[in-house]
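The following pair of complexes shares a single chain, chain A, combined with chain B in the former and chain C in the latter.
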Partner chain A sequence: MNTVFFASVIADLYSEAGAPLPTVDRPLVPLSDLMGAYDLTCTELTGLTSATAIQELLRRGGIVEPPERLSHERLAGFIYTAAHIGAIFVERADYLVRRRFSVAHELGHYLLHFRPLLQAGESDEPSVYEAMEAIPFSSSEAEPDQMPVGRMTFTRPAQSTASQKSFRDMEREANQFAGELLMPKEIVQGLVEHHARAAHGEDLIWRIATDMLVSRSAMRWRLRFLGLL
Partner chain B sequence: MQQQPQNNAHRDETQLAREKVLFRYSSALQRGDFDIVAAVLHEAQDDPVLERMVLDINAIYTDDTNTQAEVEAATVVQRLLQEHLPSGFVQTQEHLETPLTVGDVAARLQTEAAAKGQVDGEISKITGQLRASQTALPTKLSQHNIRQLFEELGVNVSRRVQKLFRDTAIFLAMGRTQGRMRMAATRQQKQLREEPIDEAQPGQDEARQ
Partner chain C sequence: MSLRFLRDYGARRVRNYAPQPMLLDDGLMAGEDSAESQANLSYELPANDWIALNISTSDLSGWPLRPCCFVDGKDVGRTVAWLQSPEGYPAPVRLSQIGAIVLRHEHNDLVRAHYEVERVVSLIIDLFPWDEIESFALALRQHGFRLLPAVKPPDEECFDFERMRKTTQNRSMDEMTRLESRALAGLGTTPTVVDGRLEPRANAFNPASTPVVGVIKTMRENYLHPRGWQVFYNLQPGQRTPAFRLAARNLDVISWYVRLDGAHGELPNWGVVRLEVPEHFFVGELNRDWTYLDRLSRLVYEYRCQDSAYGRAAVSLHPIQRAEEKLGALFTPSDTLASHFYHLTQL
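Here is the complex of A and B:
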């Protein structure tokens, strides 16, 4: 998957949601509206773990039988999908900028990995139906260039298909998707031009990150990726 | 004619016995004593009234879980309940195949609000209006389709309640999907187990020769 592919998935996402594209004057990405185009929910939970997320799904009728081996490790984000329907959870106590990145990361998994795989399974193989991914919680601002690395769980038949692509690749793709979605190249370039006269270095990163509601580490990573830093 | 007081006395005794069992059950839940929990659930298999009481207690218990230990315990209890009292979790193929309706979602919203002890004027009004609705939900539960659904129903709701309705509809659809697929997977495994073993298995022919 390359930048062109991500751009086409993101264009489809905007078109499906009927949402306006961000501009330099209005650079915030309407995450909630974009997710609203699909059978996808987003819930904030305090003390998020795989177990509390599944408990919430049980309580709300989202699952009838809980998956086995649930972890109590503290998480920043979690997604559970049954066929084409998904539920994203984020830690309520996390920073807003990181909550947004966690949501975008899980949305990336949903669109790039889970939905295509599980939708195919829905019609052919009735036993291919569930997938989960969890992003561990990091209590401090992430180190520069350090992007979240989650863990995936598929049901056994899906596991064999999924393993054709390594989990590490899928994590990298979800992060790149989140970066491209939350920090579109044209908008970042426009904001760099706008702020460059008055700010440099960390100050510039901070200003653009604040405009786009992302963390400084995510913006630093994006600027480096675009060759703007 | 003296039969009636005797019957009443018998009913009272049975009910008292049930309440004692229920007390034993709720105490065991609080202590995390799953042996007692399993024993009570086993007992409830033959008593529909006790079964209903146990399921009600469990619904309250599940809604009250906050700490990690409580979540863990609630998950164990959920599994025990499904094992011992499957009738409380009726998921027939017919039920799972029936399209979800606006009324289903309204009923769920009402139950969830009641379980939390919430008094929400808008939710009460909407659920009252829509509970009997047999209108099928759109196949795709996008924000746009839900907005359009409310317009078609002629019901004016806030963005907050629209989101709550949509989330609830998605959770219910997800539950049915998971139930349907688990049922299909179980059927598939059962078929595999029941398939007659091919007599001419590799190795056997060689042994005959």
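Here is the complex of A and C:
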């Protein structure tokens, strides 16, 4: 998957949601509106673990039986998808900018990895397709340039399809998708051009990160990726 | 996009009021603006040999390092509302106008060379659902306001409204400093006076090549030793202390005190400002030329504000006072802006 592919997925997302594209003057991406394009729910939970997330889905009646291998490890983000449901959870106590990135990361998994599998399985046994991904919680901002690396779980037979691509690659793709979605290249370039004469280094990162409602570490990572830092 | 966010969380208007004492005042906030600098007092003279130094009176008109630009910033705002987070924390909403201006000294006049003004709303966003804050930020932007996310204090301090209020105030002040930095960055290596410390603006200039001087009116840290305080209190108008070195995280500076006004000896601390210049420039470009400090001191003394109607005249420079006035004239009256905000948010 490359940036052209991500751009096409993101364009479809905007089209489905009917959401306005960000501009240099209004650079904040309407992630909440974009989420509305698909049958995905997003819930903030305090003390998020895969167990508490699934418990919430059971309580809502979203699923009937809990999947296996649930954990009580604290998480920043979690997604559960099956043929009839897609649910994203984020840790309520996390920084808001990281909550947004976690949502975008999980949305990336849904659009890039889970949905294609689920769609491929619709014709035969949709009920057995089930996928989850969890991002471990980090309580500090001490890992400035590390993007979240989650853990994925597929049920069979999705496992065999998914294993064609390594989990590590899928994590990298989800992060890149989140970066492309929340910090579109054209907007970031436009903002850098607009501010670069008067703001440098951390001041520039701070300014653009504030206006795009992302963390400074995420913006620093994105600027480096785009060769703008 | 919704400005109803505030109402949805039960926001109430807040009248203009004097800051209240901290609920949990342990003094931790007092040093927030300080840079934890370390002072070397034996930089110009041995620490035990400090004396008040007379300033050079040579003609400064043709001096190539004579500062000709003056940078000032302004943050005019207040807490206009408060709401409660789902956990019950009181969340102040600060509405401010922030700005920065550059005045250039040309032909015996002070000309506006640059300015930037913004309307900002500071809020501790981490207390609220991400999607509602996103929507609120988008709506604010549509009406010409920027949302400034303030950092949430530790949970145990979030119930202290004054602590929360101060946090949002610090956020807008911080953003104002960034506007000042942007203004300063546009000046390149032009000799410039900045109202305030250089360290928070260190990203804005090259410390090796920029003749920039910071003028600090408010003393937030005690850098001096007992001998230093003796010299400080006995400075006559136009005299300075020996220079000392301040090492901070982002910038090392050479600093000293100058008395601008003595109030005829009525008050020991009247009319003293602290100046600082980048050490890198002073050592690398000027090879520790002490006359540079004398000339700067003399110039600052000549620029002292002599408008007795101005409340902070004793520690102000005329160009900085003019900059503040010109910037203030670009702001919408606070009450008008607050009314507009209440109208938009239906509070």
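Please note the rule applied: the second predicted complex is superposed on the first by the 222 of 229 C-alpha atoms of A that agree within 3 Å, B and C clash if a C-alpha of one lies under 4 Å from a C-alpha of the other, contacts with A are read in each partner's own complex, and residues count from 1 in each chain.
Everything below uses one rule, namely that a contact is a pair of C-beta atoms (placed from the backbone, for glycine too) under 8 Å apart; a residue touches a chain by one contact, two chains touch by 3 or more.
Keep in mind that this is a model prediction, so the values were computed, not measured.
Asks: Per the contact definition in the header, classify A:T49: touching chain B only (first), chain C only (second), both, or neither.
Replies: Only chain B is touched by A:T49; chain C is not.
Asks: Looking at the overlay, does A:I85 come into contact with chain B only (first), chain C only (second), both, or neither?
Replies: In the superposition, A:I85 contacts chain B only.
Asks: What's your read, chain B or chain C touching more residues of chain A?
Replies: B
Asks: Once chain A of both complexes is superposed, is A:G62 in touch with chain B (first), chain C (second), both, or neither?
Replies: Touch partner of A:G62: chain B, not chain C.
Asks: Can A:A7 be said to touch chain B (first), chain C (second), both, or neither?
Replies: neither
Asks: Hey, which residues of chain A end up touching chain B in the complex?
Replies: 16-18, 33, 36-41, 43, 47, 49, 51-52, 54-55, 57-66, 70, 72, 82-83, 85, 87, 122, 126-127, 129-130
Asks: For chain B, which residues are in contact with chain A within the complex?
Replies: Those in contact with chain A are residues 62-63, 65, 68, 71-72, 74-75, 78-79, 82, 89, 91, 108, 112, 140-144, 166-168, 170-175, 177-179, 181-182, 184-185, 188.
Asks: Which residues, counting only chain C, touch chain A once they are in their complex?
Replies: Interface residues on the chain C side: 1, 125-126, 128-131, 133-135, 137-138, 141-142, 146-149, 178, 181-183, 185-186, 203-204.
Asks: Which residues of chain A touch chain C once you look at their complex with the stated criterion?
Replies: 26, 28, 30-32, 35, 42, 44, 90, 95-97, 99-100, 103, 195, 197-203, 206-207, 210-211, 213
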